[in-house]
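Alright, structures below, take your time with them.
What follows is chain A paired twice: with chain B in the first complex and chain C in the second.
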Partner chain A sequence: MSIEIRHLTHIYDVGTLGETKALDKIDLTIKKGNVFGLVGGIGSGKSTLASLIAGLEKPTGGRITIDGEPPCPGKNVGILFQQPEDFFFEKTLFRDMASGLLHSGLTEDEVDERIHSTLDLIGLGRQILDQSPFHLNRGTLRLAAFASVLAMRPGVLILDEPTASLDPKSRKRMLEVIEHISGDITIIYISHRLQEVVAVSEHLAVLDGGKVTFKGTVPGYLDWAAGQDGGEYLPVLSQVMYRLYGLGFDVDPDVTCLDDAVEQIRQSLEKT
Partner chain B sequence: MIGIYGHGRSYIHLLDPRTKLALMVGVSLLIYSVRPLGLGVLLGLVLLLSRTCGLPYTRLVQGLRPVLVFFGVIFLTHVLFTPGAPLFEGLPVPTLEGVVTGSVLILRFILLILYTSIMTYTTSPSGLNYALMFFLRPLGTFGTDLAFMTGTAMTLIPGLFREKDIITKAQAARGYKPRGLKGFTALVVPLLHRSFRRVDELSDALESRCFHSDRRYYYYRKTLAKRDCAGVGGYFVLAVVILFFL
Partner chain C sequence: MIELEDVSFSYPAAGPVLENINLIVNKGEYLGVMGDNGSGKTTLARLMTGLLLPEKGTIRVNGISTGDRGRLLEIRSSTGMVFQNPDAQAIGETVEEDLVFGLENLGVPVPEIDTRIEQYLNLMGIRELRHRNIRTLSGGQKQLVNLVAVMVMEPECIILDEPSSMVDAGTRRIILEHIARLNHEGTAIVHITHDPEELTRCQRLIVLSRQGITKQGTTHEVFNQLLDEEKMDIPVSFAISRALGLSPVLTTEALLEELCRLKSGT
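Coming up: the complex of A and B.
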């Protein structure tokens, strides 16, 4: 499903002394079946944008449509919260995962099937289903929350820092799963890990103080980031490639995957 | 809403927390003792105060929402059980007296909540805690413990609202809008669970800052300013006017 965001503004605590403008006239179009990366500093408004697209809050100005319809949480859009512990409200993980599915009108057999196949996809053991979400550690909780939203098969899936507090192995698995499900599902990928964002997404937007400071494709983003002062927005791999390119190596600085980068450096060394 | 503090530099914000707490007690006494006309004056005053300290009326009114049912019950009991002149011919209840006493009582409750909202909105939790401690000092260690517990409980109230918000959002994210009794348990069970954990974390945090019940330092030291005297003076003028002239 494609998402249209027009003149979106969001202000928290309007009319009070604590009034905060979290988003300021945002315009974005997110194409169907794409992975759309969203990056930006702390407090730049990423999570606010996420919760507006997820339909959990009403924007104070502008509008969001998903295939022409307003966002309807649990129906056309799903979200993985930045704090996974905020996501659970039932006593066991099974009941938690089932609650949303039963409400969407599936039979109990279908619910079982959905839950088991989703856990298998993510690589979580079934013994986890009987545990209380309040007692799991954060990484497992995040995977479980991911399983919970994914099981609902939403048309749009928002992932707010999905790989934070995961170990390297589960992080790799998470990225593979995202790769696997994109195409059917439009994914919004929010992260501070730039390397992951450029590897997994096709398009990107950068938020700064509630405004969009860049939007475009990944190569376009790398060029933009390389031109910024300090170059903090450049993933480490790209920083290395840009340096090598600057030193006269015959490499493409816009490569985003480690294997490709190694291959290019090898070829370039062979040529000299 | 009670328990939500908003930064600011208004006259009421700048009053010493001790003055505000004392005035709050004074105003509560007034609320319970004045005649209906005096209640009208107090209502006007609270609206004026909320304007001066920058608390929007919508937020002020929101604070009443949680106790609406309670008000309804009190009002109904008065309307149904106060003897007097019937409002409708042929029916023993409701009576005119019942409606009047019920409304006045509820107005008193409403005023109490509104004034408390103003106080908590303009006084930081630590300031309030200090004021409580100051007044409970004559009670010794028990007093400081009591002040500490009340202060901590006050700071946890906004947290409770935030937790409720998070849980409803988590449920909404799964397209789940629980209603009625089922909705109540669906909210309360995780709310209790999360709150207990929050309290647990808070006690760990206190311990990690070397907080012991036998040694306590407060960094809050202030002498009373002219505006505090003005505030107290204003209160006495108000009290005399509405107690004796209205």
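Coming up: the complex of A and C.
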């Protein structure tokens, strides 16, 4: 499903001391099946935009459509919240995963099929379904929460900091799953881990103070980020490579793999 | 400052999480804690602040056992914890209410409460959030507010559980600089994270697993061991410098300086 965002504005706590314009006339088009990265500082409006695309709040101005329709949570759009494992509450993981699906009107057999096929899709063993969510580690629970949202079969899936607080092994697993399912689902990937955003996204937008300050492809983003003061929009490896490039080293600043970076630096040193 | 002696802990039905942990956090030191999900890092933090009591062994904060519930206020006023999940820490409706709560409990005089709140919100660059409803803040803004909520109490030791997992690189840099400054001024820091780039200022690192503390030593020693085992939890500059056969460095600046020196042949 494709997403059209036009002149989107959102203001919190209108008329109070805390009145804040979180989004200011945003225009974005996100193509069907794309993994779209959303980057920005704290309070830049990322979570607000996610909440509006997910249909959890109504914008105070402008509009969002998903294939021409307004967002409808649980129907055409799903969201994986930050720290989603904290929302588990049932005795077994199966009951937790089933509760949303049963509320959406599916029969028990359909719920079984959805849960099992989704676990297969993301490579989680079915044996975890009988376990208590409180006995599973954070990495497994995060994937299970992801499976719960995916089982609703949304056309658009918003992932808000999906790898925060995960260890390197679990982060790698999450990124592999996202790569595996992309193409069928339009994914909005929000993260401060720039190395990961660059690795999984096809297009990116940067929000700053509620406005879009960059939108384009990953190479375009890296070039744009290299020109920003302090280079803080660049992943750490790219910061090193761009600065070496600027210091006259014969390296490709857009390299995103550590081993390739080491080899290029080695060769550049050998030439001198 | 904090002493753990043969400490074990298990959650009902979840089995043991920590077993026979011996650890000392010295006054004014900066200790980094790494470990996979489920290795007991957060449990360790909660034990250190008296939020959980050990099943076996003892934990003392400035010589006071965390089991001595009559002296809990003394423990809480000397150690502060920034939670991993920012929603688990917020108490008030607005940012101001949230910050006032802890200071009132410590018996800080009202005029000083106002001064401290203004001072620390300014320091972290979030003064404009003072009257905001916490519900409307982003995850990253909540993390900053939680950090301020602990900083205003001016404890002797701050325990940080993934304090910047939801903030951008610029804000993370600011947070790390303030943590380093507090440490420089004498505050002990226990910093739990999965991001090795955050730990380059630590004096000492430990790695936790279900087997207990599996690695400990200086930051260089532990990163060297992790690299030997081909673990991924290494700062980029450390990994590049070692792969090139150089003396390992922890920061981008140090790496660039060394590479430029080699390039110019000096």
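The rule we apply is simple: the second predicted complex is superposed on the first by the 209 of 272 C-alpha atoms of A that agree within 3 Å, B and C clash if a C-alpha of one lies under 4 Å from a C-alpha of the other, contacts with A are read in each partner's own complex, and residues count from 1 in each chain.
Keep this in mind: contacts are C-beta pairs under 8 Å (C-beta built on N, C-alpha and C of every residue); 3 or more make two chains touch, one makes a residue touch a chain.
Quick caveat, the model's predicted, so the values are computed rather than measured.
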| item | value |
| --- | --- |
| Partner chain(s) touched by A:A164 [first = chain B, second = chain C, both, neither] | second |
| Which of chain B and chain C A:K75 touches, first, second, both or neither | first |
| Partner chain in contact with A:C257 - chain B first, chain C second, else both or neither | neither |
| Touched partner set for A:S99, first chain B, second chain C, both or neither | first |
| First (chain B), second (chain C), both or neither touched by A:F87 | first |
| Partner contacting more residues of chain A (chain B vs chain C) | C |
| A:M152 touches, of chain B and chain C: first, second, both or neither? | first |
| First, second, both or neither for A:V240, with chain B first and chain C second | second |
| Partner chain(s) touched by A:S47 [first = chain B, second = chain C, both, neither] | second |
| Residues of chain A at both interfaces, chain B in one complex, chain C in the other | 16-18, 86, 134 |
| Touching residues (chain side chain A, partner chain B) in the complex | 15-18, 51, 54-56, 72-75, 78-79, 81, 86-91, 99-100, 103-104, 134, 148-149, 152 |
| Of chain B, residues touching chain A in the complex | 6-8, 54-56, 58-59, 166-167, 169-176, 186, 189-190, 193-194, 197 |
| Parts of chain A lying in touch with chain C, wherever the complex brings them together | 12-13, 16-18, 20, 39-44, 46-48, 82-83, 86, 132, 134-135, 137-139, 160-161, 164-172, 192, 194, 230, 232-233, 236-237, 239-240, 243-244, 247-249, 258-259, 261-262, 265-266, 268-269, 272 |
| For the chain C and chain A complex, residues of the former touching the latter | 11, 13-14, 35-38, 84-85, 87-88, 94, 131-133, 136-141, 143-144, 162, 165-173, 194, 197, 231-233, 235-237, 239-240, 243-244, 252, 255-256, 259-260, 262-263, 265 |
